[in-house]
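What follows is a pair of complexes built around subunit A, which joins subunit B in one and subunit C in the other.
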Partner chain A sequence: MTRARVFARLASALGPVWAFLAVLCAGFLLILAISSDPLLAYRDLLLSNFASASNFALFLNRLMPLLLIGLGVIFSFRAGVFNIGGEGQLYLGAIAAASVALALPNLPHALALALPIAASVLAGAVYGWIPGALKVGLEVNEVVSTLMLNFVALLLTEYLVTNPLRDPVAYGAVSYVVPHSSWLAEIPGLPGSTVGSIVAIAIAPIAWVSLFRTAWGANLRAAGSNMRFAETVGVHGKRLVLQAMAISGGLAGLAGGFYVLGIGHRFEQNFSPSFGLVGLTVALLARLHPIGLVATAAIYALILNGAAYMQIDTDVPRSLVALLTGILVLIMTMRPRRGPAEA
Partner chain B sequence: MPEDVSTPVLQLLGVSKQFGGKVALDHVDLDVESGEIHVICGENGAGKTTLMNIVAGIVRPDEGEIRIAGRAVRLADPTDAARVGVGMVHQHFKLIASMTVAENLYLNRQPRKFGFVSDRAAMRAGAEALIRHYRFELDPDAPVSRLSVGQRQRVEILKALGFDARLLILDEPTAVLTPPEVDELLRIMGQLKAAERAILFITHKLNEAKAVADRITVLRHGRRISTRPARALSEAAIALDMVGREMRPPHRTAGPAANARPVLTVSGLTMTTANGRRLVDDVGFSIAAGEILGVAGVDGNGQTELSEATAGLAAVQSGSIVLNGRDVTAAGVRERRRAGLSFIPEDRLDRGLSVSMSVAENLCAGLYRRKELVGPGGLVRARAREAFVSATLRRFDVRGGSPSLPVGRLSGGNMQKIVIAREMEQDPAVLIVAQPTRGLDVGATEFVHGRILAAADNGCAVLLISSELSEIFALSDRIAVMFRGRILSIVARGEATEKSIGLMMSGERAAA
Partner chain C sequence: MWASQFLASVFVQTTPILLAALGTMVTSRANMLNVAIEGMALVAAFAAIAVGQAENSAILGFVCAIAASVAMALMFGFVSIVLGADFIVAGLGLNILAAGGTLFLLEEVYQNPGGLRPDTFPDLWRVPAGSLHWLPVLGPALESQSFIVLVALAAIPISAFFLYRTPLGYALRAVGEDEPAAVAAGIHAARMKLLAVLISGAFAGLAGAQLAMDRLHFFLPDMTSGRGFIGLTAALFGAARPWPTAGAAFIFGAFGVIGDRLQLFQAPSQFVLMAPYLAALLALVFARWRATARARPAAVVGESR
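Let's look at the complex of A and B:
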């Protein structure tokens, strides 16, 4: 790689950093206008995540689903399928993990972990495969089908958690607590965290390699960018689309499984503050790049969690964050045009 | 508007333009008289389109002066250009498919009632008057989506003429047209010329240039090489100016071997649409190793379907396709490619390439089963791929393309070279080539023809589908004519004349 190309790479990687800094400045002006203690508000927003081990654990917990769903979005979008069904796939993965763990309480520890995790991946994968098959076979628009399937998943899990799985002594619509043998370990030194977050971070480079450094990934992106071209050069494009959708759903399902086994330890209705939508946003902000996604997901997790501390300590409402993330999306999707159009 | 005969409609003086340090135009002078058809010729990248964009107000020149009817003008945007009477028809149409012809003609200048409601009756009447005035065959109420390419182009021309354009710019208008549509367009140009409009006509098809031009200007590397009356000019002289060297039509070194075995045999091939219309009707032929079979015919007579069926991309109703003695009628694309079949599709942007992917990825697509490119675990060997790609780019003379550049940024000729490089790299036993030089300039055409002939010399059986008769005659050993899905007859090139084939293309069966 030439030096010029290294610089070009660095410059394009720095773009989002500048955008983030610009948003922080804009946000500071806003807080200055409404708050009596702007410095404290900003310190809370940015630094509380690192103030204690348990705060940092919460940050990682928030990062995990965003990363996994975002990676799933990257696989499906790169295959040319606009899968916006991450939320539904997440819920199905979560309920599948909870159901299997509750149904088989007396398994040895390894199996008690492996089976629910496998169930969550499988449930998500099947749920992603369905709109993929509908698109490939019947040309059903995947935006519509994945969006609709979100409602199906949400209502199905709602039924399950308010009826057969409901823990009658707990407050709210939650399932029984899954047996201890099915709990994911904490990251040592970070109480309340889960090794699921480490797994999620580790999957990002694997996703990058498989998409950009394997023949499979090249074929997948060929199918995603021009299906007729892929067919012409002998790539089984439709098969790859189905695989990408299964992976996409499987990753979102895994996020649900990790949440139940590592964070909530039970299925909770409304456990997701729109992880599906935010996962989609961070994947698009990362321009569908798995490594960039780690950064954008981390930024989102940081300010989403930081906002909670800020609201407790100061008079700044946490809805400020919606404003900040809105500005961030705006800045990062801007394409300033320099000079006249090329002929 | 009686104009002084000595004042040209358009005059360019020393126009220069650079794009990021690269010189696109270097002090170009040009003048166009009213009632003149002025052809601009040049290879891809010679600066033709930049020059036209400057006249149409899309690009501003760095240097030089534009005079319209003798007055120096500064054109800030296309609206400015339209105001001084310049209309442009782009290579890629800029129509709104869901709107009617009348609505497209009146886009952004709709007549209004009460100041804000569009007056559809007035608009329709105006459109009809305009269509009648130029005697175009168009229905003002037809949605553009239902028009043929030729009809859409007529809408574009009307739109560009508006009601008072004095200078009409046509940017490679024939690239997308079928031969009868080209004839119709050339007739229309003659008509506009008679109406004292000035026309700037960009093309790299020399026969068209010769057919309609009053004067021909040749550009090369952004410079004006010559401006001469078309009458006394030979096509060879124009080509010499365009390329800057003598053209050497490629020749076969080895002819097809006598009684070579057939490599590709197609028999009784029939394809129908969902409602039973026959697209390909009982087509049969066989091609021997080292032989080129040219399929001539006006576009839309089943050639596309035939090529896709042979490549394995479309299902057939009945018939068989035998490759190297093996029946592959039911086999998929991948299997056929492994059996030695390569396919250069007619539209490189549709099937040939993925424009958003890089040059390297487009070159290697479909080649990943090779051991030297892919290592264990399906990992691509980056260094081996880099070496393979740069060697191939050199061998196929692809200019201006680094391996990581998105392929869509290349010129049409270089894009086509990428497709050809990929397909030839497989050392095919059978090569299907459809419209291999569509939209290419003379230099690139010469190169592509040389490659096809070289493949045949290496023993490849070539099925060449082209609607350019000159191409068919330059390359084929035998010539088949397709008409309404049928092959009318197959004749040896020596026994065919352009006239006899041309007659058959219009459906007249040779007396046999």
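Let's look at the complex of A and C:
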């Protein structure tokens, strides 16, 4: 590697760091302006995640969906598809897992776990495949189609959870609790956590290997950066795009399944604080790199979780994080567009 | 009589959607999908109530709503056009910023995250009751509507005139259809896009002002609840042409009224609310299908393209 390339790599890796630092500084100034105890607020925001095992478990719970959706985003963007449908795919995966687990209550433990998870992956994958097929078949703009499908998924799951799946004794629009045999195990020593988070972290290196160290991944990235060239040299680009979209949706669906089986134990309407959009954000911040994503998703989950403690201990409202998220998303793609993100 | 009442509800429901639709139509014509319309309208609604309450003046609230929304549009345009951020991502970021920022202000300034509900709030100018009696059906439906409804209706032919009959409109559309060619012809592309974004900001401001100031006179977090996006789908459904876009906005507004009525009978309204999104998607698929079907005979080598 020449010195120029090392420098270029370093610069592109540092870009997101600057964005994060800028936003953290803006946040600190805001907290300084409104809070009587800014240091406590910031300590809570950043460090309370490690104060106890259950705090750390909640951090992992927030990391899981960001990581899985972000990995899905990486697959689709690397294939040249601007998939912003993560939120819809997440919701469909969650409702599919909840429906299957509730419909088949008397299964042995292995099946009671495997079937809902398979259903969540399948539901998300189909929901990701549709805009992919519309794009390669009819050149329908995938930004528009995934945006529309998000609303359809949100309304469909809202109908299901307020009508057939509704638990009438519970407060709010939530489904019945799924049977215990379908619950995902906790990570030993971390009450309230789920092994789904471990699975999500483990998928990241697998995604890296398949995208950057296999012929399939090389072809997929070739199709993403120049479809006509890829097809000319004999790559089945369209088929690869469809596979990438199915994987992308499947991962988001899996996040929904893990949430229902491991965290909420039921489907809750509005369970996601824009996980889809934040997952997209952290994937872009990581420059669409699976290992970098683990870092950006972790930092983001840390702040998201820390804000909850900050609100309890100090006079700083939690909506500060939404405000900072908005600034982060708004400014982080500020650069000449290039590479696979250009869809 | 019921026809007038139904039509009046349709006007109330449609006006924010129509304004958002016309706003996104203008940016679509400059080849930008403006997903930030939702956030702009939300900020406008907040500014309308906050300023209207503080100054006890409807007109000041109205003006500030539009100013706030245009300021958001300016930020959006600066980040995406001048600094080269991806406008979809930046637009979605602006929506989060609008939702988070208004909630932050509610908690921090008004100490009430549930919303901003002034005890008294000045009313907008309305069409006087009985003044349109000579118009059958339409007259009673328009009476006592706020003046923003009339502005929205007038905006349909005005935007059509602007896009198709003025040099600025030509230039704006030229940038959208073929940017390099437009630049070669001496058109300042970035300036045209910024103009389109600012126009959509003004439309979003009208939409937010109507939403907050017409009947409700309060602000709730996330009170736009997707109306900006439905406006976006109406513009897509109408292929970014003024009259079809307005027609789609009215159809979607009517869906909204029917959805509300269905809720009274405990019927699931979600499927009615889903209709605009599915309709826009199907319209898009159909348009692309026709385009590719027409292109197919030319592809001699079997596979299209």
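Throughout what follows, the second predicted complex is superposed on the first by the 293 of 343 C-alpha atoms of A that agree within 3 Å, B and C clash if a C-alpha of one lies under 4 Å from a C-alpha of the other, contacts with A are read in each partner's own complex, and residues count from 1 in each chain.
Methods note: contacts are C-beta pairs under 8 Å (C-beta built on N, C-alpha and C of every residue); 3 or more make two chains touch, one makes a residue touch a chain.
Since we're looking at a predicted model, the values are computed, not measured.
Asker: Which partner does A:232 contact after superposing on A: first (subunit B), second (subunit C), both, neither?
Answerer: A:232 contacts subunit B only, not subunit C.
Asker: Contact-wise, after the overlay, does A:139 reach subunit B, subunit C, both or neither (first, second, both, neither)?
Answerer: second
Asker: So, A:156: does it touch subunit B (first), subunit C (second), both, or neither?
Answerer: Touch partner of A:156: subunit C, not subunit B.
Asker: For A:280, using the defined touch cut-off, is the partner it touches subunit B, subunit C, both, or neither? Pick first, second, both or neither.
Answerer: Only subunit C is touched by A:280; subunit B is not.
Asker: Given the touch rule stated above, what does A:26 touch, subunit B (first), subunit C (second), both, or neither?
Answerer: So A:26 meets neither subunit B nor subunit C here.
Asker: In the overlaid three-chain picture, which partner chain does A:308 touch, first (subunit B) or second (subunit C), both, or neither?
Answerer: neither
Asker: Given the superposition on chain A, which partner contacts more residues in subunit A: subunit B or subunit C?
Answerer: Residues of subunit A touched, subunit B against subunit C: more for C.
Asker: Taking the superposition on A as described, I'd like to know which of subunit B and subunit C A:203 touches: first, second, both or neither.
Answerer: The answer is neither, since A:203 touches no partner chain.
Asker: Taking the superposition as given, does A:219 touch the first partner, subunit B, the second, subunit C, both, or neither?
Answerer: It touches subunit B, and subunit C stays clear.
Asker: Considering each complex separately, which residues of subunit A are in contact with subunit B in the first and with subunit C in the second?
Answerer: Subunit A residues touching both partners: 341.
Asker: Which positions of subunit B touch subunit A when the two form their complex?
Answerer: Of all residues in subunit B, those touching subunit A are 19, 24, 49-50, 53, 58-60, 311, 313, 332-334, 336-338, 343, 345, 350-357, 361, 364-366, 368-369, 373-374, 377-380, 382, 422.
Asker: Touching subunit A in the complex: which residues of subunit C?
Answerer: On the subunit C side, the touching residues are 33, 35, 75, 79, 83-86, 88-90, 92-101, 103-104, 106-108, 113, 226, 229, 233, 236, 268, 270-271, 273-274, 277-278, 280-281, 284-285, 288-289, 292.
Asker: Which subunit A residues qualify as touching subunit C in the complex?
Answerer: Counting only subunit A, the residues touching subunit C are 34, 82, 84, 134, 138-141, 143-145, 147-149, 151-152, 155-156, 158-159, 162-163, 274, 277, 280-281, 284, 317, 319-337, 341.
Asker: Per the contact definition, I'd like the list of subunit A residues that touch subunit B in the complex.
Answerer: Counting only subunit A, the residues touching subunit B are 209, 213-216, 218-219, 221-222, 225-226, 228-236, 340-343.
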